Amino acid sequence: MKTPSAIQWFKSREGIYYVLLALLLVVVLPLTLDPFRLSMAGKYLTYAFVAIGLVMCWGKAGILSLGQGIFFGLGGYCMAMFLKLEASTPEATSIQSTPGIPDFMDWNQLTELPWFWQPFHSFTFTLLAIIGVPVLLALIIGFTMFTRRVGGVYFSIMTQAVAAILTILIIGQQGYTGGVNGITDLRTLMGWDIRTDSAKMTLYFICVALLFACLFAARMVQERKLGRILVAMNAQETRVRFSGYDVAAFKIFVFCLAAAFAGIGGAMFTLIVGFMSPSFVGIVASIEMVIFCALGGRLSILGAVYGALLVNAAKSGLSESFPEIWPFAMGALFIGVVMAFPNGLAGLYQTYVQPLENRIFKRKPVEAESDSAMAKVQKVSAEENEGFDSSIDNYSTEKS
Amino acid sequence: MFDGYTTSELMSIFAMQGFAGLSLFSVFVLMALGLAIIFGQMGVINMAHGEFMILGAYTTYLTSGFFQAYLPSLFGGYFFIAMIMAFLICAALGAFVEWAMIRRLYKRPLDTLLATWGLSLILQQAYRSIFGPREVGVELPEWMMGAIQVTDMVELPINGLFVMIIALLIALGLYLLMYRSGWGKKVRAVVQNRPMAEAVGINSGAVDRMTFALGCGIAGIAGSAFTMIGSTGPSSGQAYIVDTFLVVVFGGAQSLIGTIVSAFAISQAQSTMEFFLSGSMAKVLTLLVVVGILMLRPEGLMALKIRR
Amino acid sequence: MKMHAQSTKAGATGRWGLGKLKLLAASMVLAATANAATPPTSAVNTTDLAVTDDTVTVGILHSITGTMSISEIGSVQAEKLAIKQINEAGGVLGRQIKYVQEDGASDWPTFAEKSRKLLRQDKVAAVFGCWTSASRKAVLPVFEQLNGMLYYPTFYEGLEQSPNVIYTGQEATQQILAAIDWAVKEKGAKSFYLLGSDYIWPRTSNKIARKHIEKLGLTVSGEEYYPLGHTQFNSVINKIKLKKPDVIFAIVVGGSNVAFYKQLQAAGIDPTKEKPMVLTISVTEDEIRGIGGENVEGIYASMKYFQSLDNPNNKAFVAAFKKEYGDDMVIGDVTQAAYLGPWLWKMAVEKAGSFDVDKIRAVSPGIEFKAAPEGYVRIHENHHLWSKGRIGLAMADGQYKLVHETEELMEPDPFPEGYQ
Amino acid sequence: MNAAKRKDGDFLLAVEGLTVSFDGFKAVDDLSFYLDPKEIRVIIGPNGAGKTTVLDLICGKTKATTGSIKFAGKELTKLKEHQIVHCGVGRKFQTPSVFEDLTVFENLELSYPRGHSVMGALAFKRDAKVIDAVEEVAATIFLSDALNEPAASLSHGQKQWLEIGMLLIQKPDLLMLDEPVAGMSVAERKKTAELLRVITKNHTVLVVEHDMQFVGDIADRVTVMHQGKILSEGSIEHVKADPKVIEVYLGH
């Protein structure tokens, strides 16, 4: 069980999965899609950041946040504020009554830049804020909730309420936030026009690179003892506590990690799409993000990436040709993924494809360690067969 | 803001404002009671609660159309029939949903959340396909419109009073059902100790189905009542979901009394703040206060202290 | 469902049923416009748009799904009707108009994406679409970057003037100044209570209203906003009762509308008594269908178009619309504005003798549409329309009765001096 | 009882005036008792006497309404569960709670007292020290051969031992076991008694148990609880002969 060297790892089956994903994202998609579709794929990938965070937070540690849109939005807004300031030079905004401030502020009679916008002139600060602001809020929410043992559905509902509050605030304070229209008409990043095809291409590759960085970070966490504690905590929280771990600290950590991923995703979203608006902060957006994770397989970080790609591609495809069917399909997806295949694509893969692979390549099933997801799949299905009483226990411990 | 008004004018306004708070209270009670049963008693997160309410509203719309077309002479009383229909139809759909979906998910409360969210998407699109994307206007009988003139300035809206009475009746009925009937005893037995309840011969599956159906049926009545004060459109149900869950959680999920107390507290807070502040800020502040209190006191207002 | 089935049918005509139409159109061309000999494609299309020798492709971009579909469906219908009528009359420069319809799904990035697709992939010559300001703001950079042409139908807050957009609805001052002047002059209003849903259009409009009211030396007795979808208005109604304004100036939208007017009625504020009177710029005939005529009877709306307008253009338009989509259809202000889009584009193309966007832009200002259902419109230098301001009184049957109309066309002024 | 004369420091655990009430119902009522180092103490009593609640109170799972719990001179009532564990108190639950989807090795490794902070857990490496400790404990709890088995595949009795092992590897000064032999076969019971005897060489043990045979096998002293209070305390023979105890057991 020693950490294998990098080369060995790439040769392992798990390594191959990562290589395949990289091939898909770096070679296949850019070669087969035109710049327009590729940029859309890039947009889908920004949701994959959130989905990876949700795998860690919900799949592993059992904390279902219905407010990931908050962090996605905060990251996105931080980036948008920087870009907007760059676009609002005194020359470009000379027709305004106060040149040099974003146009929507001018329309709302603001005559100077609010204090919290000031630091976003700095790119370094912006980069820090993209991760820092979501993490800070996650820290506050996590600290107050987890140290008081708010868990399970209660936590989900609270995060949902926070998402609702933030949306109303952003829409209501339009002089400072751009209101319901969001922060729009973003043009350049440090003088580099982000609207051109070549820029979209570059942004796509940056997005892929960051995605892999997050994947590796998530993988590292889940392979370390920390990852085992998260899983253990999900099943036997009390035992973990009485093994001497501060459960709340671990929950806060993983919640903040997910928030950081979401923040990065949001910032990339702003760059790729060219604007940010409150509709990505709200409840509906946040719940949709959960389905990306659920479809891919709530325990598999790679599955999350595929889930985000597939759901969004299906959404674009279906709503182009059959707009009426899309909500039905989305609804069926939610129900199906819960009722029929709770482990999502990754689960289906492990149940049906992997045995086939094993037969074809005549390989013994990979040892339990590199394939711990397999065991976990069995775990979830075992859970389903468990008696009702134990679930009541779980439920009440969540609340106590 | 009260300069230049006479005392009697101020008194009237405060009376009216009190009434506004009460009618918000009854709206919250109606929204939350169905969910309080489903969520509080069964632990199921029904994200489609709003859509069940809208189903009740559409039922009312259809009933009103039916009466206008075939029984115009009885139009004045159609609303009562509509509410009964709304209850029955929503309860029937609820029972079906429980049978097809929820009963397989009792062990996974978070998953009921996702599955019912999917259900809500499907229901919304179904409404859109059947009734069209536009909101529909439900015509009210003449006697429900207008207001009762109490004094010169104090006028009490009849539909507000009506919603209030329905809320009271349902709360009372539910209380009797849950705490004074054999069936309620069974429900509570199953909630508290399922294996033991089964051991003494309670068919827990049937109890679950009935409980879920009851919750959905109450949502239907709520939706029916809301046609008097709100809108009926395919996505109208979503507007209720956050408020509803907060009311239930704030009250302490397993306590019906708690739900009512919390509905009262939140509605009074909101309507008072709305009076002194602008609407949006009042809403944000109310939500913040509720979330803040819940962070400090996660078990809600009326939590039972149980040895675990 | 019914509505949609019909619109798909219309779509089928637009896309596939061309053979039959072409015959019809050809005969009409011969009869009506003998001079319009079809110019060669190379001459009228120098920017690689989707123009062939006998067709030209345009885009329709509205929300068919999601919360906004309620509002946008009428615009889609009107745009399709206009395209159909243009085709029947011989098309544009001898070419039949085909359309590609995309669903914005009430989601702003989707709007941006789809507009990019329409311009990039489908190379449409013009796009008729968007409804909310947010969706327009989202697509605007795309249109400016790819040099497309958007015909935007909704009345909106102004504060925008893009070379790539023709705004066929009213901007805020056109709606508001006329409304307030009328209320002051005709109804002797001295105090106003401003109320709105909480987003940019109501806020900007109320800002203009407030400035104007204060300029006239009158009072604003209250101003406030409620979140979109809010359904409890009892508190604000009490405040209104306390303040006793002469006019409630309401810009409430969507589901909130229904709740607001029902609760207003229930609280004893009967708009027909005009104590206070209710003046709105957000309730078209479309909205009344959802609110219920009996709930809004007696309110006044300031728009540029009402379905009941009594002129030959409008009679023909309403008849054609009902023939196409059914007798129970109602037509609101935005629907009419959407109908103007394809016609204004057609006239610009014909005036320019080309589909090129730059040439269309150059000739657009000054284009007049005399057959507009609302009467007569002309495109201003700032890409908005000169149009009349009108005040309608809501009747129980869901229609407005015209009670006032400005004598002159009102000049559009998206960046009004002194109102910002 | 001469406890009052002795100083706090002499005891490993001193519980004084401990009370907890749930909505007015006093599950534990003004309870006081003391544990010597290396003592093995069994709490018995009829159902609902408050035995498990006492363990819950000591390990911090339930917060006391009033009273104090001093462990090696430290006040525990204000500490959080994991802090109490770090003080050296280990707790085994009535139903075995092990991590079913991890192997026996991993179960023990997780409980190894190092890398308990978030960053520590991230940096944790499986070195020789850890492996030695795990193997040593595995031998004690008869699970040397099952180290790589997933815990889910163990028998009920083995899970109980594994949980005890997870406590042992923490090297606690006080072990609290809630019905360690419940549901065990006769052979397993014997082995468990043997295990406990090994453990008590180095640890103080507090056990809640029903099985009087087993109690007799292991206990130094026995505390009998009834309705949240101590009914009797002393050697097994002493309490068996106590008429109050007989009354409670036979009377119910």
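Per-chain numbering from 1; labels A, B, C and D assigned in written order.
Here is the rule we go by: contacts are C-beta pairs under 8 Å (C-beta built on N, C-alpha and C of every residue); 3 or more make two chains touch, one makes a residue touch a chain.
What you see is a predicted model; the values in this text were computed from it and never measured.
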item	value
Pair of chains joined by more contacts [C-beta pairs], B-C or A-D	B-C
Far-end chain from chain D, centres as C-alpha averages	C
Centre distance in Å when chain A and chain D are each reduced to the mean of their C-alpha atoms	42
Gap in Å, rounded to a whole number, between the CA centres of chain C and chain B	37
Approximate Å spacing (C-alpha centroids) for the pair chain A, chain B	33
Distance between the centres, which are taken as Cα means, of chain D and chain B, whole angstrom	48
Multi-chain contact sites of chain C, meaning residues that touch two or more partners	4, 65, 198, 225, 227
Touching two or more other chains - residues of chain A	168, 171-172, 324, 327
Of chain B, residues touching chain C in the complex	5, 9, 13, 16-17, 19-20, 23-24, 27, 125, 128-130, 132-139, 145-147, 149, 153, 155, 157-160, 226, 228-236, 238-239, 270-271, 274-275, 278-280, 282-283
Touch list for chain A against partner chain B, complex	58, 62, 64, 66, 144-145, 148-150, 152-154, 156-158, 160-162, 164-165, 168-169, 171-172, 283-284, 287, 290-291, 294, 324, 327-328, 330-339, 342, 383-384, 386-392, 394-397, 399-400
Interfacial residue positions of chain D with respect to chain A in the complex	59, 61, 80-82, 85-86, 90-91, 93, 97-103, 106, 109-111, 113, 115-118, 121-124, 126, 150, 152, 163, 166, 170
For the chain C and chain A complex, residues of the former touching the latter	4, 64-65, 102-103, 105, 107-110, 112-113, 116-117, 120-121, 133-134, 137-138, 140-141, 145, 159, 198-200, 203-204, 207, 225, 227-228, 415, 420
Residues on chain C engaged by chain B in the complex (per definition of touch)	1-4, 65-67, 69-70, 73, 198, 223-227, 229-232, 234-239, 241-242, 254-259, 262-263, 265-268, 286, 289-295
